[in-house]
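In what comes next, chain A is part of two complexes: it sits with chain B in the first one and with chain C in the second one.
Presenting the complex of A and B:
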């Protein structure tokens, strides 16, 4: 697989004027930060992609078909019986104390030894990202992010008018020298870098994992430059071999804010995630959380707490790993067998996603309607960049469909790509799509 | 009861520099909006107020002791059994479609006929406030709020660096002429008013209710001036007589965004609220919600949905009304019997709160430590103003303690007030407290 495009990108996250309309009497009144908040035309295609005849390789919904619903049902009735008035009441803005202790246990395998007082429970990791951005980012502040990066994070960063600078990755994750260069360039221009945002394990969308060696290098680079690291780790326990990479936070408690989530290791429906942050940061995070939601849902937290203490949750994670490994194998096998020459892709060792790059001249965003017509969906690469890049690539999810459906989806996709290549050979390369707006499916579109 | 202080207030929501510290290596890196985010010294007093020997009249925790936990428990097991994979999965950023329909039914008694597509489910009303502020407010934009106003809203407004201008209320709620004057003054100064934030029913913290006549006047004033109204209605179904005041939204669907919540009519632990907004606004709200939490918890929503369809929830609301009426009677009776002359208070006909104002020269924030020493707690009035006013007043909650404890609390409070009055008579009036920071208890401090 070739390298990702160069780290030096011109940021196009500048305000785009909202499309005024006679239908919107408030058009002059929205805040400046909303100018980037539009759902692109691609969004509506994902609604179509949810139809059963379409093989969707687009969504990131965890496969929870294997969860023992009867066990969960009994845990919940017991919860109401034993602790109903607590579960149904307002709780602490920082989150349930017992759950925060359990979260510290959950983090031990990744080498992190945190204190429950430094843990803040959030409404999923997404809210953690939102709160961290809220407390650190003034409009125009720079955030370093991988190229590509997680669409939900980019959306949050945009809503606080941050300037996102993408930094190159390759098969081993973020490239340390590119981090160094990006920091030097940004600082030389007089701008402030507030943090580096990274998903080191089984990256969404790229599928790659940052090597142990590079983690140390990047920690050193950021420490020297005084750049905070925000380490987002929803998939760390979902390595197919059962390997659990050591978190960056384990080697730098003061310089790294760690984000975790139960969405992929248990289930997303409760929306329970957390941050582990240095004390002073944690204080501000809690105040920000209180002004945003007052407190995270008590019921959700106690449900997760009961699950952790009352069920073999680690055994369930192991079952999930097997399920995802089988699907990843199906996808990689199908790609190996069916993709035309000139396409290349990452080979993840965990998580949910493969990052596929097409030959030069193809545009995955422009191609999506034709793919959906051929009854397969993916997420165009442009969704994962703040600066318009990514049009040669796409993210393929293997987490949700069956192995047979995955193979069928890749087959349909390969057909579309081949047709596209023939068109290009006949008529020339497509212009790059640079239309603004959110190119990603909604959270529940599979 | 005398009138609330004049509407023309100098706003002191300007940035306060954060207190730097050797313990906080990030002190130079926080965003400007965090400068107002501190918990005042008063916060720690509320932790003391949670101790059983203290009668806390401070907290706003709904009294859910009467909820039928066995019924809720069975509803939840059935939910997992019938719809477990949906309840445990990611959902739509706008919220569960069936719940949105049910919410439209819930709103009918207040005269609102909304469409499910204009409803957005939020993580409590607090998140609705956060999202609305996020999509409308640029730093320096003006928000008109009642004098006093809800502490959670003020905190959110502050976090987006809005300029809050308080507008006078009296026993019948917001004073229309003062609204008109405030609009004229602000607009003459060249500033932009984005919206008027109001809690028309059983106001938190003031306890008063806006009359029907004034609702029409204020709707007219705001329509003429092009000022949006944000109508926050958590207590609308909790009038002691069973009266349900007609919502402002009922008479102006385009000019009013309506906020509702299940926290007081069912339970807070699921964190389920909603907005009803004009279509174009709703679109932006959903995008903002997605970048903030991806989607509200599916489990919480389906739990509320099952409760609404599977249980006599209106009968439960009626039971809550009785419970709160009994407690309000106890409080008003105790105040009538025990308060020294010169104190005056509101007489709510629903909701959770009484607003007590002390004779001139007393400072309720300075007095709080002495009250807690005398084993009673309240929330000082300054918590409910963005501009430092309110030091003669306090909010008393009757929702949570038993009627006997309420009476005892008022007795202890009256003692403290009398001592304070003697001190003032001997030594002169206290200076007004203008220290910055959040003077309110945490959500779960009763």
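Presenting the complex of A and C:
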């Protein structure tokens, strides 16, 4: 152990000429698009949220405990026994032909009559988002997105250096007039809108659903302005009352790229999603997909295909709907009972999420450490905006915890909010300004 | 294989620094494996005590950051279970983790700390925050630093240059705990000195000088490689480097610390070190400061961890 005194001598030796290190030899070589990829306190706090002591209303994990795992196990075993040499081999870049046909069946309830040739299977619909952004976006191009929008999409858009312009929503989804105004404003500034990104059904994170009438209006506005629509529909079959809203793609096959996923209707572990795109776009998507992953995983695709053909998947979706409805009811009931005056929240009719906006002056990101100390977690609203708005809001997920845990989580959250309100009242700390729409409804809506 | 026997690295826990702790734990466990130590890593959860009783390791290296890890709780439990462990006794951890208490002890020992005050959330609420903040700014001056009285990784800490930003800095701070320290910002070089003691007395390792790209060594600057430049040893004249090392060793002794500690300070333009914080469970991640000092000293992190564990086992046997 004699080396330690020597260490001290190294310290006190003259060191004025010491050279610095940034602990990353490649620090000056990264692409500009990586600049936002940094450590954050919020991400760090989510490490605590994964512990069982914490009621996590943060993550959007599908509740796969509702799946018949024995059935899935037998299906996978049989798949390897009977079709192992195909399932474990490379496959087509566009995706397994039989699965693409089945995907067309899956889309029929939402009114979409696609051709298997126009379907591209992707590694979750997240990869579809990546591919679409890759083939359309040059740095500085504009993407219109709802306010708020899906955090995973915003992250993809940011990595391609798109400029996201948020468009106001209310309890009926995107506001058509605001879409029209946003298009006019961006076009007047001489910039190019490459597409409108929307989740019309049971929105992530807002929980709202675009009305049928507004779908038609927005389709018309975008057609007139020549703006492509990217319709992301992972939750469309998860309406609590069995309502399956008609997809926008159903009424405009040339103007809409449709994204679907088996992550919520089957299981996210397979990472299987898809796009249905106009023919010319599909060609580019397939080429982009091949350069990205060569082909989607054959094993996952065949597993999904076997599941669709050999199992009552529609019955399973119905069971999921019941499971999520029960959890959503628990959350809405607890919010009704416990939230303070001035808070307001959406009332989803499907999907996984409630969007909660707190009384003026509160900041959900600043409040998160207090929530974690009180063993409850949520996602602060700013994560769902590219422009810093959303500080008074949060996304609450009801998909995973049991109804009792959800009620307990909301109870803890209510205590945290009360403590934070007292603190804010004492300091008079001003909250950030709010974007009109879901985060700051007109007084009669609050 | 080392003759230490099976040792356990404890990391994780439920504090706000869980993520940092897990990374510290992985790094130390991996370094110990590289020098032939039989090591496993586990979380501090509801099964911990039963596991430690049923299958006691030869020694424990606690790397839990924040509450439980640094407030003396885990050290108390390990003492209760009669297990050798690396680090300071529970009482020393408790007084060091509480920044106001340790600040008082350091000042009493003649070490410099920035002028400041400690106030609880209820004091602001009951006496009126606006008047109190106004008095604070008048007394301490700007810029000032607001930080939670207990905690690490700069979580909840803010540098306040404008009095108008103080209320929101206080609110952010109180989200991490009920008590806040408000100190004058000392201008100078930010320096951190790790102290280790493997049985021959506390020794200061080469000081690390921290130059954050953004100007503030916050959570982002601490854990994102490439955003902060580190100089090891710090660019200090040898007499100042000596003062800095002595200050860290004195802090270590004053607070009754054992085995390992890290003292963060600012060295002002006259060469005077001002102590900001003393850590009983220094971070061991890829961007943490102690591992950089260890490397600059020509010592392997695995060797140091092994020597600290060996010293803990010896101490326990002799007790």
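Definition applied: the second predicted complex is superposed on the first by the 407 of 446 C-alpha atoms of A that agree within 3 Å, B and C clash if a C-alpha of one lies under 4 Å from a C-alpha of the other, contacts with A are read in each partner's own complex, and residues count from 1 in each chain.
Going forward, contacts are C-beta pairs under 8 Å (C-beta built on N, C-alpha and C of every residue); 3 or more make two chains touch, one makes a residue touch a chain.
The model shown is predicted, which means the values in this text are computed figures rather than measured ones.
Of the two partner chains, neither chain B nor chain C is touched by A:338. When the two structures are aligned on the shared chain, A:424 is found in touch with chain C, with no touch to chain B. By the touch criterion defined above, A:39 lies against chain B and chain C together after alignment on the C-alpha atoms of chain A. In the overlay built on the shared chain, the residue A:317 is in contact with neither chain B nor chain C. Of the two partner chains, chain B is the only one touched by A:90; chain C is not. In the superposition on chain A, A:284 makes contact with chain B only, not with chain C. In the superposition on chain A, A:67 makes contact with chain B only, while chain C stays out of contact range. A simple residue count on chain A separates chain B from chain C, and the partner touching more is B. Legend: residue contacts after superposition of the two complexes on their common chain; A:295 is shown touching chain B, with no touch to chain C. By the touch criterion defined above, A:225 reaches neither chain B nor chain C.
Shared interface residues of chain A, touching chain B in one complex and chain C in the other, are 21, 23-24, 27, 30, 38-39. Across the complex, chain C is touched by residues 1, 3-8, 10-24, 27, 30, 38-41, 43-45, 47-48, 51, 53-54, 363, 366-370, 372-373, 420, 422-424, 426-430 of chain A. Remark: chain B residues 21, 23-27, 29-34, 37-39, 61-62, 64-65, 67, 69-70, 72-74, 76-77, 80-81, 84-93, 123-124, 126-127, 130, 134-138, 141, 152, 155-156, 158-160, 194, 228, 254, 263, 267-271, 278-281, 283-284, 287-288, 290-300, 303, 438, 442-444 touch chain A in the complex.
Within the complex, the chain C residues that touch chain A are 14-20, 22, 45, 121, 124-125, 129-130, 133, 153, 155-156, 167-168, 170-172, 174-176, 193, 196, 198-200, 203-207, 209, 211, 219-220, 222-238, 241-242, 245, 286-287, 292, 296-299, 307.
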